[in-house]
Amino acid sequence: MDSDQAALFEARNLSLSFGGVRAVRDVSFEIRRGEVFSIIGPNGAGKTTVFNLINRIYDADEGTMRFNGTEMSRVPGHRVAELGITRTFQNTELFDRATVLDNLLIGRHVHRRTNIVAEFLFLPTVRRQEIAFRSYAERIIDLLELQGSRDQMVGALPYGTRKIVEIARALCAEPELLLLDEPSSGLNPEETEDLSFWIEDISADLGVTIAMVEHDMNLVTAVSNRVMAMADGAAITTGTPAEVQDHPEVLRAYLGD
Amino acid sequence: MALLTVRNIETYYGPIMAIRGVSLEVNDGGIVTVLGANGAGKTTVLKTVCGAMDPRKGTVDLDGRDITGLDPNRVAQLGVGHVPEGREVFPFLTVEENLVVGAFSRKRADFSDDLEMVYGYFPALADRRRQPAGFLSGGEQQMLAIGRALMLRPRLMLLDEPSLGLAPTLAREIAGIVARLRSEQRMAILLVEQNARMALDISDYGYVMETGRIVMEDTCERLQNATDIQEFYLGMKDRGVRGRRRWKQRKTWR
Amino acid sequence: MRFVLTTHYGQDVNLFRHNGQRFWYALLAVSVVVAPLFLSTFYVGELVLVFIWAIAGIGLMLLVGYTGLVSLGHAAFLALGAYCHAVLLGYGVPFAVSAPVAVAFTALVGALVGIPALRMTGVYLAIATLAFERIVAYGIEHWEPVTGGLRGMSVPQPDFFGVSLADSYVLYYVSLGVLAAGLFAAANLLRSPTGRAFVAVRDSEISAESMGVHLARTKTTAFAVSAAFTGLAGVLLAHRIGYLAPDAFTVQTSIQLLLLVVVGGLGSLHGVVFGAIFVGYLPQVIALARDVLPSAVGQIPGLELGIFGLILALFLVFEPLGLYGRWLKIRSWLSLFPLYRKATHKRQKAYLRTERVQ
Amino acid sequence: MEVFQLLLSGLSQGCVYGLIALGFVMIYKATEMLNFAQGDMMMLGAFVAFTFVNLAGLPFFVGFLITLVVMVGFGMGLERTVIRPMIGEPPFAVLMLTIGLGFILRAVAGAIWGSGTRTLDVPFAGRVLEVGGVVLGYENLVVIGGTALLCIGLWAFFRYSRIGIAMQAASQNQLAAYYCGVPVKRVTSLVWGISAAISAAAGVLVAPVMLIDPMMGFLGIKAFAAAIVGGFGSLPGAIVGGLLIGVVEQFAGLYLPAGLGEVSAFVILLVMLMARPQGIFASMQQKKV
């Protein structure tokens, strides 16, 4: 990727404190269209907090965020998905008492065009919409190979599958930017390797830009175009995986030696 | 004879099998580490040992006594201190009150000596003994959690990710204290860590877990030299960045 | 076990998955339609009450069972529907206007009550709805010129296409029709985006929001829809009891409605019907039991409510899935007979941890 | 003068709400469970005291002490039999369960003591103290004084006793308390026991001011409002919320249209929930992701 490619998402000088502790300090970065962008750093470095800021769960104390040229620092949380950003959560936040299919269909919620009156009567428009939603969800099910668990309750699925279901749900919204919060945690090395293929497929087949917070350096190196390293709430450096891994400060803060 | 013997335990989260037949041993005065990725089941092993979770199969023996399925407070009374992942101090209690709770299971003994012992290991805590634990920094909370477990005068300490979220210098300091505890307090330690380098440095024996199973065990020197460990846990793998060989249709027999 | 070969997504969207289901529901429909022919007026009246409970129960089930919002004040919506309808009829407004207006009014009030729900977690909300119920009860008791205060007011019984709703048989078919339509509408809603948004809010607000679900709108919608169903039940109830007084709508009524959804089985429309039958007939059973029991026991004040409480407690401790859940277990036991394993429904050690943070 | 009079009776009524609310808050803090039957436990306590003092003819203070002991046992037994199986169930289920318990308690009390109203014989009933034109009923003073004593006692218990500190530990992090060897189940039983005793004390204190009958537990709903207004999970908040509601009720009862005093507690509650849902003494925040 060449460096002057347009930024899909741009954060400038984000800062956030919780009761005196500065969780994020003056962080700026951009995510370019089509790339896989990773954020690495020790636990507590503020990586997930950055995601929560993008996702508008938290209000930044300072700084701005632009997505597709739209200023989004004050957009309400539920509009973020409409703008085209969806995410997964560190410990998965699925709808446990619903089936995998229903979870994916909720992913389609932003594309809802029917109103409640039509839904009460289940008018043909609603039926057509349901079938359209379903066929899109099936596309994602095929892509991520979830056919076997389609009708199972999410709460009863193994952890690894739940992680994949969450990615699938986020994809069902047809996002432009997908945020993955520690996608490999809880997966074994083999599943992690599969995950790296899926991330490549999502990027290549669906054209979705991906930003992820990740610990597993192998995964980060394998799939990322660019990496940002964080420590103590601040961004240390941004660059290619190789550059970042060799950065002396990163070595000191993250790898420990 | 081993102080702690875990035989073939299987533990479930609801219908999900989190650990599948794990066996391990900790000798008196030894440090044993369990390595593995996030979610491999390491924490579940500790929770099963201390009674917070009941295994559906298998047994846990402490000093020849079957402690499977006992409530965690009973296990604690038998001399097992637990430093849980994420520290889990009591945020609204002061540092000293936290430590007093730590000594709860010991009958009305005079524990001012123990308080001094803890403050000796962690002078930072002594300065803040009247402050609510919630206001401590991450490193201080970790010290408090270890100190709280020490108040039990444990024979076996379960340490869950003590370096989690700490700056590397602090993590090293904690590692040093763990090593000291073994020699000075003569307790056995079962250490769960993601920071494999640190864990292997201070431990005698190590187990490696993947998705709920133990896939490898050996002395720490030999583990440090094993290629798999170097690749996966010590980040020394020399891997091509892009353009790995792969078939578009990946394997689907999972 | 029955396996259905699905050849089109449309099939999965349908309410009935196969002809077997269609057959049983059709049989049920026929039997409730012909039932009054074989029953005395008293029993028809009791069945009407069951239908009304069920309609109100749909409302509460959508709120509690699907959206995860608890209301301890649903009696207020029942009262608002009934009083609004009766008052309008009293002013000579035709039934065809007053009933929809009453329902719309209740829905509006429901939406307003839903607003505090946006900032409250379950328990706070439960108390807030309870407070709301007390305030509505106060209004009804003290707005004498309109509601008749503590004396109450009689409900005008207008002719309805030439027949009177005071006639139990007429009311039976009207209520049955309303119930069927209500179940149909609720089932439709639940297989549509709004229904899924309800479930999403119930299971994880944070991830619902990140999937684009507007929490505020979804919760107010849930409250409005729930209140509308309950208000509709109130309209029918006004005709069923013929005379409205504040003591027909108390905290106990709210609790009975909750009992209905819990005993029926949270999160299922089938449960509503099971629960309504239970709540509708329990007082009868208790009344019968009083006659049989020695008078020292039979005449205990508050016995009926005490038994309600006991049953509620027993269900919560032993069968949190309710009657419908029990039925599903029996069915799966039957279909899996030799293979069924008890451990499938075993409970685990659980620990509480405060979610308060500093 | 009238204002002082009202203020005083408001304060004594508020103390009663506050006392019941203390019981709620204790259980809530220790177990995150809500006991909707708290008001009915108060009713039960009052009836038990009535049995020992009026029926058995014991001296008041002896009867009172026995009542406290009986109610501690009752609370612990309740926890052991009914509440413990509910650990891990959603809060809604526990709430419903305690609502059901309330109905059962009312029916049981009705069966044992009948549905009529009773008066507890107390040594301080009917006497008044006149200070500068303000008439102070002894029973009002006793309610206020008793509440103050109980609060100080509880405060000292939580501050200085090992079991009190362990209770707080268990409430803040149950699993970590287990790891420290705190027998959380026994501690939880004890919390229920103490909470039952507090509500029994409330029942005895309120008995001279209002009559005892199986329905008096409905006061518990207002105590709930008090707890929320004060900031759920805060012990001082419970008392402050109770006092606030007690005083407002008295004034609303006199200066506003008939019956508004009765609902003023709920109006305050709703206003509070809209304006400042965390209550006067905020102690809770949102779940972290």
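When the chains are written out, they are named A, B, C and D in that same order, and each has its own residue count from 1.
One rule holds for everything that comes next: a residue touches a chain if its C-beta (ideal position, glycine included) is under 8 Å from a C-beta of that chain, and two chains touch if they have at least 3 such contacts.
The structure displayed is predicted, hence computed values, not measured ones.
Visitor: Write down the chain pair with more C-beta contact pairs when A-B is set against A-C.
Guide: A-C is joined by more C-beta pairs in contact.
Visitor: Would you identify the chain whose Cα-based centre sits farthest away from the centre of chain C?
Guide: B
Visitor: Taking the mean of the C-alpha atoms as each chain's centre, how many Å separate chain C from chain D?
Guide: Using C-alpha averages as centres, the distance is 32 Å.
Visitor: With chain centres defined as C-alpha means, what is the inter-centre distance between chain A and chain D in Å?
Guide: Roughly 48 Å, centre to centre.
Visitor: Taking the mean of the C-alpha atoms as each chain's centre, how many Å separate chain A from chain C?
Guide: 39
Visitor: Residue numbers in chain C touching 2 or more other chains?
Guide: Chain C, residues with two or more chain partners: 206, 348-349, 351, 357-358.
Visitor: Can you list every residue of chain D that touches 2 or more other chains, as numbers and ranges?
Guide: Residues 172-173, 175, 178, 289 of chain D touch two or more partner chains.
Visitor: Multi-chain contacts in chain B: which residues touch at least two other chains?
Guide: In chain B, 14-15, 52, 91-92 touch at least two other chains.
Visitor: Which residues, counting only chain C, touch chain D once they are in their complex?
Guide: 64, 68, 70, 72, 115-116, 119-120, 122-124, 126-128, 130-132, 134-135, 138, 141-142, 206, 251, 255, 258, 262, 297, 300-303, 305-313, 316-317, 320, 347-357
Visitor: What residues on chain D touch chain B, complex-wise?
Guide: 162, 165-166, 168-169, 172-173, 175-185
Visitor: Can you list the chain A residues touching chain B in their complex?
Guide: 42-44, 145, 155-160, 182, 184-189, 191-192, 194, 197, 215-218, 221-222, 232, 241-242, 252-253, 255-257
Visitor: Flag every residue of chain B that touches chain D in the complex, lowest number first.
Guide: By the definition above, chain B touches chain D via 50-52, 71-73, 76-77, 81-82, 84, 88-93, 97-98, 100-102, 104-106, 148-149, 151-152.
Visitor: Given the complex with chain C, which residues does chain D contribute to the contact?
Guide: Chain D residues touching chain C: 31-32, 34, 82, 85-89, 91-93, 95-97, 99-104, 106-108, 110-111, 114-115, 171-175, 178, 214, 221, 224-225, 228, 232-233, 257-260, 262-263, 265-267, 269-270, 273-274, 277, 283-289.
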